[in-house]
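In the two complexes below, subunit A is the common chain; its partner is subunit B in one and subunit C in the other.
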Partner chain A sequence: MNAAAAITASRPLQRGPALETVGMTKAFGAFTALDDVSIDVRAGSFHALLGENGAGKSTLVKCIMGFYNATRGSVLLDGRESTIRSPRDARDLGIGMVYQHFTLVPCLTAAENLVISRADAPAVFDWKKEKPKLEEFMDGMPFRVPLNGQVSSLSAGEKQKLEILKLLYLEQRFMILDEPTSVLTPGEADEVLGLLGEMARRGEVTVLMISHKFREVKAFCDSFSVLRRGRLTGTGDAQAASVAEMSRMMIGDTEVRERAVRAARNDSRPVLDLAGLVAEDEEGRRVVDAVNLKVGAGEIVGIAGVSGNGQSALVEVLSGQRGLADGGIFINGKPFEPKRRDFDRFKVFGLPEEPLKNATVPRMSVAENIAFRSYDKPPIASLGWWLSPGPMRRKAEELIARYRVKTTSPDSPIEALSGGNVQRAVLARELSGEVDVLIVANPCFGLDFASVAEIRAQIMEQRNRGAAVLLVSEDLDEILELSDRVAVMSGGSIAYVAPIGETDRNTIGGYMGGQHMAGH
Partner chain B sequence: MSESGFFIVLIAMVGGAIRVSTPFMFVALGETLTEKSGRINLGLEGNLVLGAMVAYAGSYQTGSPWLGVLFAGLSGLVLGAMHGWICKLPKVNDIAVGIAFMSFGTGLAFFFGKPYIQPTAPRLEAIPLGGWSSNPSIAQALQVNPLFFVGIALAVFMWWALANTRWGLIVRMTGDSAASARAMGVSIDLVRLMATAAGGFLAGVGGAFLSLYYPGSWNEGLSSGQGLMAVALVIFARWDPIRCVWAALLFGAAGAIGPALQSIGISQGYYFFNAAPYILTLFIMIASARSKSAARDVPGELSLAK
Partner chain C sequence: MTAVVSATPATARGLDPKAIASIEAVLIPVGALVASAILFSFFLLALGKSPATFFNLVWVGGFGSAFSIQNTLQRAAPLILTGLAFAIPARIGLTLLGAEGALVLGGFAAAAIAIPMVGGGWPPAVGLPIMAVTAMAAGGLWVGIAGWLRHYRGVNETISSLLLGYIAIAIMNFFVEGALRDPASANKPSTMPIGDAWRIGPIPGTSVHWGLAAGIVLAVALHILMSRTTFGFAARMTGGNVRAARAQGLPVGALVVVCCAIAGACSGLAGFYEVAAIHGQANASLIAGYGFTGILVAFLARQNPLAIVPVAILFGALDAAGGLVQRRMAMPDATVLVLQGIIFVVLLVSETFYGRIPFLQPKQTGDRT
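This part shows the complex of A and B:
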């Protein structure tokens, strides 16, 4: 800690401060995103802020950080009222935040990132003097990150650690972490949170962590607050409260989502066969490295993995968005090329991640987007090229009603729809016919509770009807709920495959971190 | 080709590389700075031509070629600042603005430059570094303009400053990740405005070299697209100031092939060899578009990279 003190001797703050919000309210026009929220984060505590997507968690922290000016309410820091009008004010008060997306500059080294973030960064750097100081600072820290490598070459875990180190380097001892573990392996997550927890217990920092992982909250936090629809619905001791209590505060009285019903399989012939798939990124690195996997009829194979281990690239290969450097895809023993003709012939359908970006043309209408798989076939097309808008619209209206897509009209642009409704429109397009192979990636990301249940049920229904389903997800719970078999992708290859009954969360987590590489 | 003929061509190419490379170097360094901040200024050809005209006029009016160089830089600075200012308006595309500025700059130069086509202005003096040799072609090849050394010094300085100064880091940060720069309270528009203006200044100085040293007069056909080629050169040099110098020398040498061959009596394919720099540009663009390391070095905020 000495080095940090030497660097910013002018700021005496060496302990994590207490922070309280009083009656925090933020309205955007007629919509109240945050309604009279008062939370109390004691000095040296590890406080969890829970809530579903859209519950107001990020609005609250953005008010604390000065990105938004609250409509009403105030922030008390160590009991004193503090005016925070901009992120700069927050920084000067020692409040820092680690965002979900990294704010490190990829082309700079770790050392450069740290030094330039300082408010008093010198005009000319004397690296001979700065480097030893940085080394000394690192020595006093619970975890280390290589100082001289470019940030773009660091792993997600190292970047996350560096973000936290940056806050400590800047003496920002009230830390807000926004879902800090979403990019980490379970092992890395436990390490980082454990070390932060120890620092908090020693009073060196105060942590406010946005999360929706109850396991982490129970394991590391000492207190929690829950938001739902912009209101504070509960607060308390994280160790005393049960997960059931917390989740009730989070989702309200609506009954807990039912699991999709899984029918017994009696057909086990393999349908989709990925044989030695290799794909490269723009710089020639192998992002998909010799992936071999078979998916049977009526089977869901879930691919788990930490974000950035080649899962997105694999889905891009299967959907024809990325070229295949080596290997082959076979469906029912016949070679499959990810082109429109083969998608049709083999009845391959897909729900890619971020459907607005990957599965729709945002500015075209809902009806047109729904017709993407069928516009060149009767009844919409005659002779294969003459399109009639009438049948297209009728078909869209029928599907909009059947899949309960909320849109003002079939003619409004699909980008005007909410995330859940875009996903439903894509589901309508992809699942309304006969499906032999279904490729799904992060289908429920960012969706509310009700949509999640519905979409998972739809996927399960396709499986029960005999489709071979490849499910790629970063949400381990989703994998565990839906899959018949689990595969783990790590460093571009499949590190582990096991039937769902013969594995568990810890084993999968271990392979996600790449610990067992040698074993298989 | 005889032994001595080969030697003459080689010497002429070295001399040509030194002579012709200077404007490439200045424009490329200016463009590197601009692109490092995350913006592309395709209009530097306009800065170059306007700089050439202003330098010539300035030198003629004041009698001092170095004042001419300064005026040329300032004219480039103004054009660059205008580009930077327009690009910060919402939904403005920097490439389209650059193309407009290319025409704007050359148009301005032709409009104001008419009266200066005839008169003779004082030119920049070269430093005779070939005095030790009795060979006239060596002596001639080693007549080096001070701006050449200024350019090299500038490249070294930029290379150092981008890694060791706060300003350098802020420019790189703005060019690579606008979100992080904004999170740190850096005004992205201001950084890019200044980087574009400074880049414009350098391109203007490059223009001064054209009219005040080589070829050494002002006329409307003075630049043959050097300003545009320098932009291609920056991609080839992968946004590294030192590599910009080497790339400029390579382009200069290629441009000297035609005249050098002619000087030993090979005039066959003269126009073809004169086109060497352009052909080189084409091949370099193809090669660098396929290069995987170029993809790694490109500043993340560049509209090229998105």
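This part shows the complex of A and C:
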């Protein structure tokens, strides 16, 4: 399968192959991550692979891709047994993968990214020869990406398209997509998935997509398989099956909390007041540009936006990780500085995104991480400086039990915990006391179904108790579920604010994409 | 799934994570030492020398007699202090190479402030503490500058502390060869000697100076500071993840500067003992490489203040045995430096084994999506 030969335009588009796994089993020591999983992805289908975190989706895909060698079981490609011992074998068989995060080189152009991805990329490129070939290739594709622009200047949607084009360029017509839409706007996601769906229907590719989002599965996929705890728990027609059926297969009999209950608000005095906030990045560009926003007591204000429009920077400003260039933060009318004293005085708490990176010290123990807010106060600290490990451990044990943090011991380093449990430990630390202001950023990113429901309920509970909650999220469903008011951040400023009852997904999506559309 | 994952790890075999960490913290450095000894043996064999003779001489020269033990402890004293000077900033995430310069500057400052006091006929019991405090302040201020530059100007602290060290040495040379030169020191420019009355005597019953006791006391004190106080906790948070420390509203800048100042003060104190207990004046003898060997000591001790004491003694012994090796094996005393260099490289390599020793690991679990 020579890529250079394959892109000659005279050749008709090849077909997406069928792929079957038979009795795929992968054991790591005594632990069986994948237990006798047989899935059947028909040629030209758009197949969803569903499952909670840790269900074995990643392990299955890595076995198909040759990153792992399966303990037992085999892969049939178009009915023929294929030996895949390494990612190189997978590539030669035409199996390719789009990862959750981009694998493009940002400082190179799209054309360069395509050409260097080839297995037979020469040491010196003859661009006079390559360029027309690339143009020809692009003409045969259902969507285009500007070939000569630097990848760093492309939007997330275009980058994702380029990742897909790269697979087609390499003639990898069995595509595995790992949560491909987590970095896209709803509009971009729909566009990319729609195009892939059409290609699949024409039989040009076969797609296996790992997803958490039922909406996408229902809208674009034709068949699905569900994994739970390493076993196949269901498979079927994505159009015929209901969301309820699919989610039952995913989470089994685990009890899931109801959708968070929203209590009626009777107190509406503004608590958190952001007045003309301006913050700059390392190069002096304004990443937060005159943000004005008020959050009332017992109110959740959700900030939607495409990743990279200043939401992270705004959260960093509020949590003291980034300096404020201009403007002021006020709580109950008094100026607030993101310093320890003010965090305590105004009872400001936070659930930052990627808790392992922003809210914990990975190598410190679970107990120590849980003590971050309380280590310098009695009963852990006496005289203001002497630490007592006893009370610290007891407090941690109590919170670990109350918030059901699964850890072998309070002394384990927190980095040994799974993502959901790290987030639960942070919740235990930040939400176990009295909270007046809560700053939340992508609290459920990458977490499994049950954790998501639980964490959202906790946030809602704080709101119902009267906390002012600022929720920044890239997951529009989360914003729509939790918020009392929705704001959209675009290009560093607030582009749109509306009460939840007076807006909808499309309107918000339009404002989210606004910047992008204006720029092209 | 989470239940499955959390059930598998090490408790199954009766090892809790803390125990694993401490087993690793002993096993890996000791393994590195053994590996270094083996590599160094090849070096000796290539030179046609006997490794057995060498290690025997190191034992005899370092611990073989009361004299050699005292010689070892004498040399270990500044190494404890400079080891601490590397270890404390390392806990807050900084790699400082400023101990050598701070030691020299501290020693010089102590000698310089002694001149008017000795001349003025002050009692040594008053003057010596003033000298010690001056030495610590000078060293602390000097290394504190590196911390300040790091936090407020984003200057790489490793480079700045190293270069500040050279400036410190230049400052000493400037005064020692100029304004503060003792006219009697013809061959080796030095400050005025403080005189025998001002010398710090040995710990009673030994020939080891009090710097050893000061080092041990400081090691224990700093261990307590880092593990049992709110300051230490905040410093460890900052060192482990500065983003999280900021999000907890910690005064990161102040913590960084204070840790650097503590490090400088430790080195400065080492300089004070070099002047007040050994040389009696400040001169080029202060530039003995203790500051750099201290880095090695701190690395081998895994930045643990308590472990620094025995490790410093080990390196003191190597140093003490250098002369014996030179005489008996007809090898330059730099041979010991070759061994130190090998130990350092092997140690750096051994860092990669933490969390990777197969029989200490919990059974690997599946990669979670």
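Operating definition for what follows: the second predicted complex is superposed on the first by the 472 of 520 C-alpha atoms of A that agree within 3 Å, B and C clash if a C-alpha of one lies under 4 Å from a C-alpha of the other, contacts with A are read in each partner's own complex, and residues count from 1 in each chain.
One rule holds in what follows: a residue touches a chain if its C-beta (ideal position, glycine included) is under 8 Å from a C-beta of that chain, and two chains touch if they have at least 3 such contacts.
It should be emphasised that the depicted structure is a prediction, and the values quoted were computed from it without experimental measurement.
Enquirer: A:Ile116 contacts which: subunit B (first), subunit C (second), both, neither?
Expert: A:Ile116 contacts subunit B only, not subunit C.
Enquirer: Looking at A:Arg341, would you say it contacts subunit B, subunit C, both, or neither? Reply first, second, both or neither.
Expert: The answer is second: A:Arg341 touches subunit C but not subunit B.
Enquirer: Can A:Ser490 be said to touch subunit B (first), subunit C (second), both, or neither?
Expert: neither
Enquirer: Mind working out whether A:Cys107 is in touch with subunit B, subunit C, both or neither, as first, second, both or neither?
Expert: A:Cys107 contacts subunit B only, not subunit C.
Enquirer: Identify the partner contact of A:Thr407: answer first if only subunit B is touched, second if only subunit C is, both if each is, neither if none is.
Expert: Second partner only, subunit C.
Enquirer: Using the touch definition from the top, list the residues of subunit B that touch subunit A in their complex.
Expert: Residues 163-167, 169-170, 172-173, 175-177, 179-181, 183-185, 292-293, 295-296, 299-300.
Enquirer: Subunit B touches which residues of subunit A in the complex?
Expert: Contact set of subunit A toward subunit B: 87-88, 99, 101-108, 112, 115-117, 121-125, 127, 152, 282-284.
Enquirer: Of all residues in subunit C, which touch subunit A in the complex?
Expert: Residues 1-6, 8-11, 16-18, 227-234, 236-237, 240-241, 243-251, 363-369.
Enquirer: Can you name the residues of subunit A that touch subunit C in the complex?
Expert: Listed in rising order, the residues are 26, 28-31, 33-34, 51-59, 62, 210, 228-230, 319-321, 338-343, 350, 352, 357-365, 368, 371-373, 375-376, 381, 384-387, 389, 406-409, 411-413, 416-421, 448.
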